[in-house]
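Each of the next two complexes has subunit A plus one more chain, namely subunit B in the first and subunit C in the second.
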Partner chain A sequence: MPTTMINGHDVSVDDEGFMTVYDEWDEATGAALAQAIGVNMTDEHWQVIRFLRNDFKAQGATPTIRRVSTAGGVDTKKLFQLFPKKPAKKMAYIAGLPKPAGCV
Partner chain B sequence: MTATADMTATADMTATADMTATADMIVPAFDDDVATGRKLAIIVSKGSLDMAYPGLILGNAALGEGVELHLFFTFWGFDIITKGRMEHLKFSPVGNPAAHIPAALAPMPGMTTMATHMMHKSLEELDIPDVPEFLALIKASGAHIWACRLSADMNHLTLEDLWDGVDGILNASDFIEMTDGAQLLFI
Partner chain C sequence: MKNLLILGGGTAGTITANKLRRRLPAADWAITVVDADDNHRYQPGYLFLPFGTYSSTQLTRSRRKNLRKDVPLVYGEIDRVVADGNHVLLTDGQRLDYDVLIIATGVSPRPDQTEGMLGDQWRESVHEFYTYEGSVALARKLDTWAGGRLVINIVDMPIKCPVAPLEFAFLADSYFKDRGMRERVEMTYVTPLPGAFTKPIAAQAFGDTLKEKGISVEPDFMVMEVDNERRTLVSYDEREVPFDLLVTVPLNMGADYVARSGLGNEMNLVPVDKYTQQSREYDNIFALGDANDIPASKAGSVAHFEIDVFLENFQQYIAGQEMTHRFDGHANCFIETGDKKAMLIDFNYDWEPLPGRYPVAGIGPMSLLKKTHLNHMGKLAFRWMYWNILIPGRPMGLPPLMSTSGKRTDLVTAEK
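Moving on, here comes the complex of A and B:
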């Protein structure tokens, strides 16, 4: 399992760079991850990322786009605006979570 | 310590922490630029409940990967976008050995209703949206949704009769023109 330096800390990641240890993440780390993929974080972005973090903790799985919209209350269109093109993967990456496993 | 971490440690001495963080991080290739221009067109030609889902699921996945999506509903697939019918799609075990119901029992009265009910239940358990909600989801994700001209004419339907998210009614040539360079899937 590789590690990489994020925001001055050594963190565990998978081969693609997704963080693998839930507790190694904090919001400063999330901000550094967002910067690395060119996402400028606003309050709306943070609202989504916090939902992902909490939902993962409660459910044990990264929420899909649909779940972020139905359970997290942020509509799909908005998610595509906030995290362009590949919202599910980008949200998961910034939140320090694995890519969502579900199909829908 | 891995090679990456070693490199980071060395770079730390010469660069600011911020620059190092970005320069030496393992960052996933989201291929933002590569995906530009990838286009998928799915022809949805079947109107049974089980055959409505493959196009919706793959289309949804494509949109989530930043791929431009065109869904073209034709022939039996027209029911999926017809207001009065889209909520009542059925799954029939008749002629389908994979339904694992004895062939002689499959055509019995009530079997289709029962099989449809069971499929709805399975989908619900997996939190898969029903057809109208699924269409709304992919529409919100940026899907282009087209209806087939000949199917509309055969069924005496106009845009008024179709689901509100339908972008328009296209003839076959329009569709071919519109999907220039696209990858095609016929379901």
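Moving on, here comes the complex of A and C:
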């Protein structure tokens, strides 16, 4: 499995650079990942990322945009403003979680 | 005498009732099933109805007749589950007490959850094939359709049979070719996921199937509304996809009574332990099949494997022991790829679909992740197996947990 240097630490990532080990992430790593894809983190961004982290831990899957909006309390339009173009992918990337996937 | 109450007489509810009735002594346990009507549909058949493959009688049987004679079926709409009082209220006022409750009412397509979907173009140029009525209406539409822009869309995940929209695209391509009108149809696949294929090995196996068939993909598309006047799908980030015929998979949600009873998440799915399907809130409630929130595909094959593991756990549960069996999210399904061929995939929580042979390692006779005519025949033959083996709860001879033997696990670099 490939590893990469993020924020001074070696972390495991998949072919697209999504982190693969939940516990290798911390908020400093998240901030570095955000910077790498041009997202300027604010409190609103962190609220979303923390929801994703907690939800993944409880559910075992990266939440969908709809779940972030209904269970996480940040509406979909807002998510597209915070993480432009591809919020599902960008949120997962910054949160150090697998990107949302289908079965094939 | 204890009461086991099963809500829902579909795939999961019926298999569970039939298998448990054989295991539990009638003197100790009453098993009762509740459903609103007597129509048990073979839902995998909905995919083929729009292309004129099946008739209604092949897809519908009596729920009553699918259940063993010694399992009573109560017809009624569920008003709510009173979990703290261990009973269920029906809308006609009936009260059903339980010692153990199994929620197996699945999920349903909810076009009402997307703005404009139920507008004046509904069943005109806006269609779906996730209900019997919808598939029949779409068959009628396709039969007289002159061509134009066909848009195939998934509103959001999770949905029942997540590969069905892809299969629909492949079958539609074949259908239009057979009718000599393929060049008059422009096909677009619009998905909220990052692509039509998201798992690396499967994506490789499908390769350029979509490109070869001339189907373009619009990824990361979150539908905000269906604009009826302009016949256009509009996303939250203001992208627009115009259509002449939209075949959408509406949002899939669990039953409303689950929400009314305070037992559901935001999609009305019952939060359960993913290994035992026991409610996280109430020890004496389990949710089986599509109705729960486990991170597995919503499909009959998952329900079937899950129930085999559940039966073992349930014996321990009623004996007051710890449940030690763990369901692994095992699923397998045939994927129609058009031209009378299909692929077979087999996977679970931890392993993505891999190439190999199934069910016997090295022998098959089925090939995994390969387009073959035999897989297509398997898919068609499965309808008979569903009615005659799966639903009566007879042994299918397939182990419930996924096996990696015979699979190309070397293709996966991720640590397991």
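Rule of thumb we're sticking to: the second predicted complex is superposed on the first by the 101 of 104 C-alpha atoms of A that agree within 3 Å, B and C clash if a C-alpha of one lies under 4 Å from a C-alpha of the other, contacts with A are read in each partner's own complex, and residues count from 1 in each chain.
In the analysis below, contacts are C-beta pairs under 8 Å (C-beta built on N, C-alpha and C of every residue); 3 or more make two chains touch, one makes a residue touch a chain.
Since the model is a prediction, treat every value here as computed from it, not as a measurement.
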Subunit B versus subunit C as contact partner of A:A101, first or second or both or neither: second
Touching partner for A:E44 - first (subunit B), second (subunit C), both, neither: neither
Partner chain(s) touched by A:Y93 [first = subunit B, second = subunit C, both, neither]: first
Touched partner set for A:R66, first subunit B, second subunit C, both or neither: both
Which superposed partner A:T20 touches (first subunit B, second subunit C, both, neither): second
First, second, both or neither for A:T3, with subunit B first and subunit C second: first
Partner chain in contact with A:T76 - subunit B first, subunit C second, else both or neither: both
Intersection of subunit A interface sets (partners subunit B, subunit C): 2, 15, 65-67, 76-77, 80, 84-86, 88-89, 103-104
Subunit A-touching residues of subunit B, taken from the complex the two chains share: 2, 4-5, 8, 12, 17, 20-22, 24-30, 32, 35, 57, 60-61, 64-66, 126-129, 134, 137, 140-142
Residues of subunit A defined as touching subunit B within the complex: 2-8, 10, 13, 15-18, 32, 35-38, 65-67, 69, 75-77, 80, 84-90, 93, 103-104
Subunit C-touching residues of subunit A, taken from the complex the two chains share: 1-2, 12, 14-15, 20, 59-61, 64-67, 70-71, 76-77, 79-80, 84-86, 88-89, 99-104
Touch list for subunit C against partner subunit A, complex: 156-158, 162-163, 166, 192-194, 197-200, 202-203, 206, 220, 222, 224, 236-237, 251, 265-267, 274, 293, 295, 297, 331, 335, 345, 347, 349, 353, 413-415
